[in-house]
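Before anything else, here's the structure in question.
Per-chain residue numbering starts at 1, and chain names A, B and C are given in the order in which the chains are listed.
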Amino acid sequence: MKEYDIVIIGGGPAGMAAAIGAREEGIEEILILERDSCLGGILNQCIHNGFGLHTFKEELTGPEYAERFIQKAEEMKIPYKLNTMVIDINKNKEIVAVNEEEGILEIKAKAIILAMGCRERPRGAINIPGSRCAGIYSAGSAQKFVNIDGYMPGKEVVILGSGDIGLIMARRMTLEGAEVKAVVELMPYSGGLKRNIVQCLDDFGIPLKLAHTITSIKGKGRVEGVTIAKVDENRKPIKGTEEYIECDTLLLSVGLLPENELSNKANVKLSQITGGPEVNESLQTNIEGIFACGNVLHVHDLVDYVTLESINAGKNAARYVKGESFNEKGIELKGLEGVRYTVPKYINPKNIDKAVEVRFRVGDVYKESYISVYFDETRELHLKKRILTPGEMETVKLTREMFDKYPECKEITVKVEGE
Amino acid sequence: MREFRNLICIGCPIGCDMEVTLEEGKVSEVKGNTCVRGKNYAEKECTNPTRIVTSSVRVQGGEIDSVSVKTQSDIPKNKIMKCIEELKGITLNAPVKAGEIIIRNVADTGVSIISTKTVAKTNEDM
Amino acid sequence: MFDVVIVGAGVVGSGIARELSKYELKTCVLEKGTDVAVGTSKANSGIVHAGHDTKPNSLKSILNVKGNAMFDRLSKELDFPFKRNGSLVICFEESDIEKLEALKEKGDKNGVPGLEILSKEKLKELEPNINEKAVAALYAPTGGIVCPYEMTIAYAENANANGVEFILNCEVKNIIKAQNGFIVETSKGRYESKIVINAAGLFADNLNNMVSKNKIDLVARKGEYCLFDKLAGEATTRTIFQLPTDLGKGVLVTPTVDGNLLIGPNAVDIEDKSNLSTTQEGLDEILNKAKNTLKEVPMRQIITSFSGIRAHSPKDDFIIGEIEDVEGFINAAGIESPGLSSAPAIAEMVETIVVEKLNPAKNIKFNPIRYGIPKFREMDNEERKNIIKSNPSYGKIVCRCETVTEGEIIDAIRRPLGAKDLDGLKRRTRAGMGRCQSGFCSTKLVNILAKELNIPITEVTKFGGESNLLIGKNKEI
């Protein structure tokens, strides 16, 4: 069994940044295992721009952002294997992977960094009734056909879900010659970045149907049309509001799910809310020496934050390999009253250098409100926010000084307050 | 004549809600931006809106069949579709280097289309 | 000129074909779909019933019990997945226990082995996730679960390997009684045959009525199902039926042989035999009914839903046998539940009829063994190492959710009666059947199909016909 100090599962932006972080801490024996034929992960098919504003102060396209890291990894001579799929890991950090040239690879790691990203929720999971004809795609699959293969999945398109992937594909399909008839969104607000509403929908006059859902799909060989209906406060379709839209393609952008099948195999504890591992301030999961970062931990909106988080994970994995322990149980963070979850879930103040970034999402749209952080009963942070929305990840910075103020702190609460 | 317009800035993912005051078609005031880029965007968007256009073109003889491309800088919004028209039917021969110019002065905008990805030549005999 | 033409390549038609391939008979199967197993055989509960639920002495009861007993041997010979997991019929009122006892009696009469009434405590012990409301159960140890389309494909491949011709995309338009048998007019030309076997599923009535004065009328009865992630696959070990009450027939909750959880079906009679859409009402109905069986229905684990259509005969029994008024025309019609369980016995019953009529010589080259596609996911690491060495494409995983390798996919396309479209691939390899429902692998599968079938990528379909995946190149549509 080959041994490595750190094995990173996934060579997308998270995996690459983690590798770089670990190498910068001096670890030599790193190995990235990537299932695709090249590094870069999902960025390879994200040909639109909007990446790198924070990291490079430039607006780059996905492939350009990926290339910066691929080049860095090459420069640092970080070993990686392509076309290699990890099929098993266990809590002893033993990994089984497979590829054509080497067959079955059995690898032992001192530390593992989970960077597998996420997958899309399919039609079946939201149970849209109707036909199971051709022409129904997850937005990401359609994106791959258009951007990597160069082929159009359809001509007259309806998109369910106004998250960023749905919005980006609305524009993409339009530019390549399709007619996008509507973007249908279950919630009364859009799930994507506001800039994408402007440059993907408004620019092309594509209607956004908020508080609507698709109640049925009609079609024989291919989709012929979809029926949409308005929904009530419980998000249930309102009878009598049905509208039929003729189309030959339905794209689904109905949620991203962290890809944690492997994490399960290693007995990593997952959060019911995010679907990703529960981690502490050092991004270590409940299994010693297994760290997580990027979309597999929680779904991000900006790759720049994935990079920051992952460099951190890499550094901590390196420290772990060098003998540091991150096992001591930390203070539990609770997301309440509007805050759906926090990453990390536990903070051990001893492991904080200067500060720890706590990332979270709210469960609803809040205007003119505050993000408050309580250390036990005392409110330490009270930040005014003009707008908070589920589609945009938020961050609060908890400094070393704050923790020093509350040495007996048992619980930290992050919540939305009206005033 | 005074006109008010509400805009969302697309300069960065924050997406500030801005209110622009226009007088005789010229921007006289911008409110709601949190950086100077936002102010610039607001002014531009109300007088001469522009966008970066990203797309892809076919590649022959490469390790992959498509290469992603973009306008090197933003172009007038009303030239987006003409820009796409000019990309129609283009097939590049591998290798393609990231940053390589694909079309000069696309749609008469003075802006070039460049590749955003490097595509190596495939080893197969064609 | 054929000795036997079988119309329909579902589990019954393919089963008959396989049994007839034991003889020196020129046999062919005409299938109007693009593949075998595209009718009722691909969308049903996958249950091998124990046989207590049928009317004693009916064909259904005789063939169910007989067929059930044949699955161990057949699944080994033909290499398809089958598990004898046992079944339970649960009831929710004390007053219904006598109905369970009546069911047991019926089963005893039908020759079903091992039937036993279980108390609430015993039931809880065996199946801890069952709803507290259940008070007793009828346990049938011979109940089983099978993959119905893999079984059909296995039957078809073995028949084909033993000399039976399969003609797909071939719709029978008319059958004319001729001197020495029949002239079968199809969308692909004329076929002559001494014997015609009607295994045409939902359209068996049309077929029979082309030839016979004694008309058959089949009712298309749709049933909807919900399929859950393998993570929910151990909700129950056995197949759980609900005792029918005045409110109607219950739904079943069962593990599938592949490890998923399956819930369904309902029953709605429909006009359009090709309408396989699911409905909000149907899905709501089965999920609500399932709440009676399970403490908790794992709604967050739903991965897909589908519907299947049964060919229901108002006579409530199978219609099997040579028809009275036209010699040589043999029906195997009205095959609804327990059709799948009975299929092996139906095949032998029809075989007997044909052999009696034609008295054929035995096919000395007949090989009952068929090997399915080697499944990477079921191998241990040593086996995997070996297969990758001999076939490197087994080292490339295409479908991550179900761990399906490129080697399996290529085999599925290249083998005789191989896959021609995405759904065919799905049924043969499980690629696309996992929790992401081909979100990850569809681009790869489409490319492999185009390459292997040597067709433009825009001609790759989901299930033939006009179900193309891609409609044209970027900027050129």
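Note that in this section a residue touches a chain if its C-beta (ideal position, glycine included) is under 8 Å from a C-beta of that chain, and two chains touch if they have at least 3 such contacts.
On a predicted model such as this, the values are computed, not experimentally measured, just so you know.
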Between B-C and A-B, the pair with more C-beta contacts: A-B
Identity of the most central chain, Cα criterion: A
Distance from the mean Cα position of chain C to that of chain A, given in whole angstrom: 39
Centre distance in Å when chain A and chain B are each reduced to the mean of their C-alpha atoms: 26
Geometric centre distance via CA averages, chain C-chain B, whole Å: 53
Contacts with two or more other chains, residues of chain A listed in rising order: 146, 148-150, 176
Residues within chain B bordering two or more other chains: 56, 58, 84
In chain C, residues with contacts to at least two other chains: 473-476
Contact set on chain A toward chain C in their complex: 35, 83, 85, 87, 96, 98-104, 106, 119-120, 122-125, 127, 129-134, 137-138, 140-141, 144-146, 148-155, 176-178, 215-218, 220-222, 248, 261
Touching residues (chain side chain B, partner chain C) in the complex: 56, 58, 84, 87-89
Interface residues, chain B side, partner chain A - complex: 7-13, 15, 17, 51-56, 58, 63-66, 68-70, 77, 80, 84, 98, 116-118
Residue numbers on chain C that touch chain A, as the complex places them: 226-227, 274, 276-280, 282-283, 302-306, 381, 384-385, 388-389, 392-393, 395-397, 400-401, 403, 435-440, 442-443, 446-447, 457-458, 461-463, 465-477
Contacting residues of chain A [partner chain B, same complex]: 37, 47-50, 53, 59-64, 67, 146-150, 175-176, 193-195, 197-199, 203, 301-302, 386-387, 392
